[in-house]
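The structure's right below; bear with me while I get my questions together.
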Amino acid sequence: MADHVYKKIELVGSSPDGIEDAVKNALTRAQKTVRNMRWFEILETRGYLEEGKIAHWQVTLKVGFTLEG
Amino acid sequence: MADHVYKKIELVGSSPDGIEDAVKNALTRAQKTVRNMRWFEILETRGYLEEGKIAHWQVTLKVGFTLEG
Amino acid sequence: MADHVYKKIELVGSSPDGIEDAVKNALTRAQKTVRNMRWFEILETRGYLEEGKIAHWQVTLKVGFTLEG
Amino acid sequence: MADHVYKKIELVGSSPDGIEDAVKNALTRAQKTVRNMRWFEILETRGYLEEGKIAHWQVTLKVGFTLEG
Amino acid sequence: MADHVYKKIELVGSSPDGIEDAVKNALTRAQKTVRNMRWFEILETRGYLEEGKIAHWQVTLKVGFTLEG
Amino acid sequence: MADHVYKKIELVGSSPDGIEDAVKNALTRAQKTVRNMRWFEILETRGYLEEGKIAHWQVTLKVGFTLEG
Amino acid sequence: MADHVYKKIELVGSSPDGIEDAVKNALTRAQKTVRNMRWFEILETRGYLEEGKIAHWQVTLKVGFTLEG
Amino acid sequence: MADHVYKKIELVGSSPDGIEDAVKNALTRAQKTVRNMRWFEILETRGYLEEGKIAHWQVTLKVGFTLEG
Amino acid sequence: MADHVYKKIELVGSSPDGIEDAVKNALTRAQKTVRNMRWFEILETRGYLEEGKIAHWQVTLKVGFTLEG
Amino acid sequence: MADHVYKKIELVGSSPDGIEDAVKNALTRAQKTVRNMRWFEILETRGYLEEGKIAHWQVTLKVGFTLEG
Amino acid sequence: MADHVYKKIELVGSSPDGIEDAVKNALTRAQKTVRNMRWFEILETRGYLEEGKIAHWQVTLKVGFTLEG
Amino acid sequence: MADHVYKKIELVGSSPDGIEDAVKNALTRAQKTVRNMRWFEILETRGYLEEGKIAHWQVTLKVGFTLEG
């Protein structure tokens, strides 16, 4: 990792199934336009309720990726 | 959401099964007395150990609900 | 203020007109059920956009009030 | 503590005698309306001066209590 | 909001007229290149002085927008 | 700005009219004894209530000024 | 808990399977040398990506244990 | 408090006797040069050990005072 | 202090008598195994209630000690 | 600076030679695609060790640049 | 250090040469009017760019000094 | 890094020569008793003054190392 420069972006993903799935959904979407993603850090975990049940989990994360060349 | 006023309360829930279940247990209990819960934010995640195993997970969360009328 | 005990609650108010109005709307609503409100502290200021314009401002605040007798 | 759900509330107590007494005064007052208080956490410690002397200490604390049944 | 993935970017806007206008100026500029902006959060509020008067207010904000498709 | 050394001081201003006016009142007063004020940063925004209305807004700010020579 | 003195240490555990498993892996390893572990607090949750997929989750936690006698 | 402008300064006081005394020692010294001190807020509490005993407590505090006229 | 290297450890002490005593109890226990303790910093102050009274105070602190040779 | 809108991005740079060089390496790389960079703020400083020596320093920074017209 | 009362002030220094030099420049200037400076703590490190190069580093620091007599 | 468990310890190092050297001195000392150190994070940077000059820089850092087997 010594020679690389990374950029970090902030994303918000969600899922009805839980925290890990909300992260995966954000990363799957980001993959379409961002190459070389290397790591992420969870910043915030929330959820939204409908009729007393958790309708979806929502996770804010930072994702680091290598800036090529 | 433009016209509403919300109140936020702080709860601590626990579960032997994991983080998401600890959140659900807090919300299920809160539901008995709080109406119109809309979202939650996780503040802190802990766990308690007995004989070297995780006996229960414990999650502190803020819950926002609509103040009616 | 020496002999009093205060309680602080967390509210979220909103307004299409700006930060100060969002605070006032939260306080006006709280007044219906909370007596002896003495001060507030702004925790967070947000806004929601519709078609590129700010539809409403949203302010999270803590409100302190005297616990009587 | 595994099965309980707790609620946390924020209080401000004061005393001319010191930090510990300001905490106790807040708890004594809270006891009139809150049952099953279990623990507290000090968030902030302040004091107010009159003619160059500390007139009273003021402590902000969170108190956790069990939500029954 | 359940199925969306959002990206958050950080902007700094300014205005001679006050905090709300500094936010609006940042959003107006961002709109030229960012579609689907949904909300913002104020991170920091500053001001710059010239000859003892506030020449302009400067607000740092995060803006969340929907990542399409 | 490359060669200057700045000092920052912390002030609290207030106003019945709103956040921006509370800042201006603090700066107007500071100007009597502090020269070369260059910028400020808002740290905290509060308000005090009397009979259910906001009697005054209170803003804590840091002010940076150039140390001459 | 009244008479005990606890020490807290900071650990980082990881797992390909999720947040809870990363915590358990850290605790299982710690158990080999630390007795009387009582609770943990999650400080940070990260993940590392390989070829666009989460290769492993990584959780930083503090663990509290009783100092005997 | 509506019309006043306050300045806040940061002090560090110490005492062999405890936290409250360290605060008082800082205030007693400040009084020699600062008029109209109104309140303080504790920022940090430390202590220094000599031969295994607490030689003195050390408290960092902010003190607010009224800027006259 | 110029040539030394210090290590800092985190401890939790408690006492029925107050904050200072909880600190002292943690230090007394640590002394059995840690030499050359030089200073401590209070991180968190809590208390536990039994039947509406404070059963014990609990203080989390960091302790710095010199690493010899 | 009164009329500008700035965007801030987060970068991570590294260098075997020290903190300032890690910053410069991040800026040199960013320059290839970002115009009008105006300032940066260091968020985090880390280092990685190989065989007991610092192999490279790693600095996370925010960089602000002017959004043109 | 047991009997002293300290005051802490906040300064911003800068240098084209690096972080340590920016600190030294702030201290050199402060020395003209502040006696008995004892320690400093770095709060924030920034830099300003001109034509893609670091024109100067800028460091915000707190400086503690003994209040005499 | 996927299968490892790490422990993090907190150290304070110092040097008359600057920030990087204070870090190196802490790591050199730690190496005598800690194996497999992998990374560090700077938490705090301070300095101590004697007769108006920086006598030594002091850096607090966390060091992560692999827990073997």
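We just call them A, B, C, D, E, F, G, H, I, J, K and L in the order they show up, numbering each chain from 1.
The rule we apply is simple: a residue touches a chain if its C-beta (ideal position, glycine included) is under 8 Å from a C-beta of that chain, and two chains touch if they have at least 3 such contacts.
A quick note: this is a predicted structure, and the numbers were derived from the prediction, not measured.
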More C-beta pairs touching across which pair, D-H or B-C? B-C
Just to confirm, which listed pair, C-D, B-G or D-H, duplicates the contacts seen in B-D for more than half of them? C-D
Using the average of all C-alpha atoms in each chain as its centre, how far is it in Å between chain G and chain I? 22
Gap in Å, rounded to a whole number, between the CA centres of chain L and chain A: 31
Could you list which residues of chain H touch at least two other chains? 9, 19, 48
Spell out the residues on chain B that touch chain C in their complex, using ranges where they run on. 1-9, 62, 64, 67, 69
What residues on chain D touch chain H, complex-wise? 18-19, 44-49, 52, 54, 57
Quick one: which bits of chain I touch chain H in the complex? Just the residue numbers, please. 19-20, 23-24, 27, 31, 37-42
In the complex, the residues of chain K that touch chain F are 9-14, 16, 25-26, 29-30, 48, 55-56, 58, 60
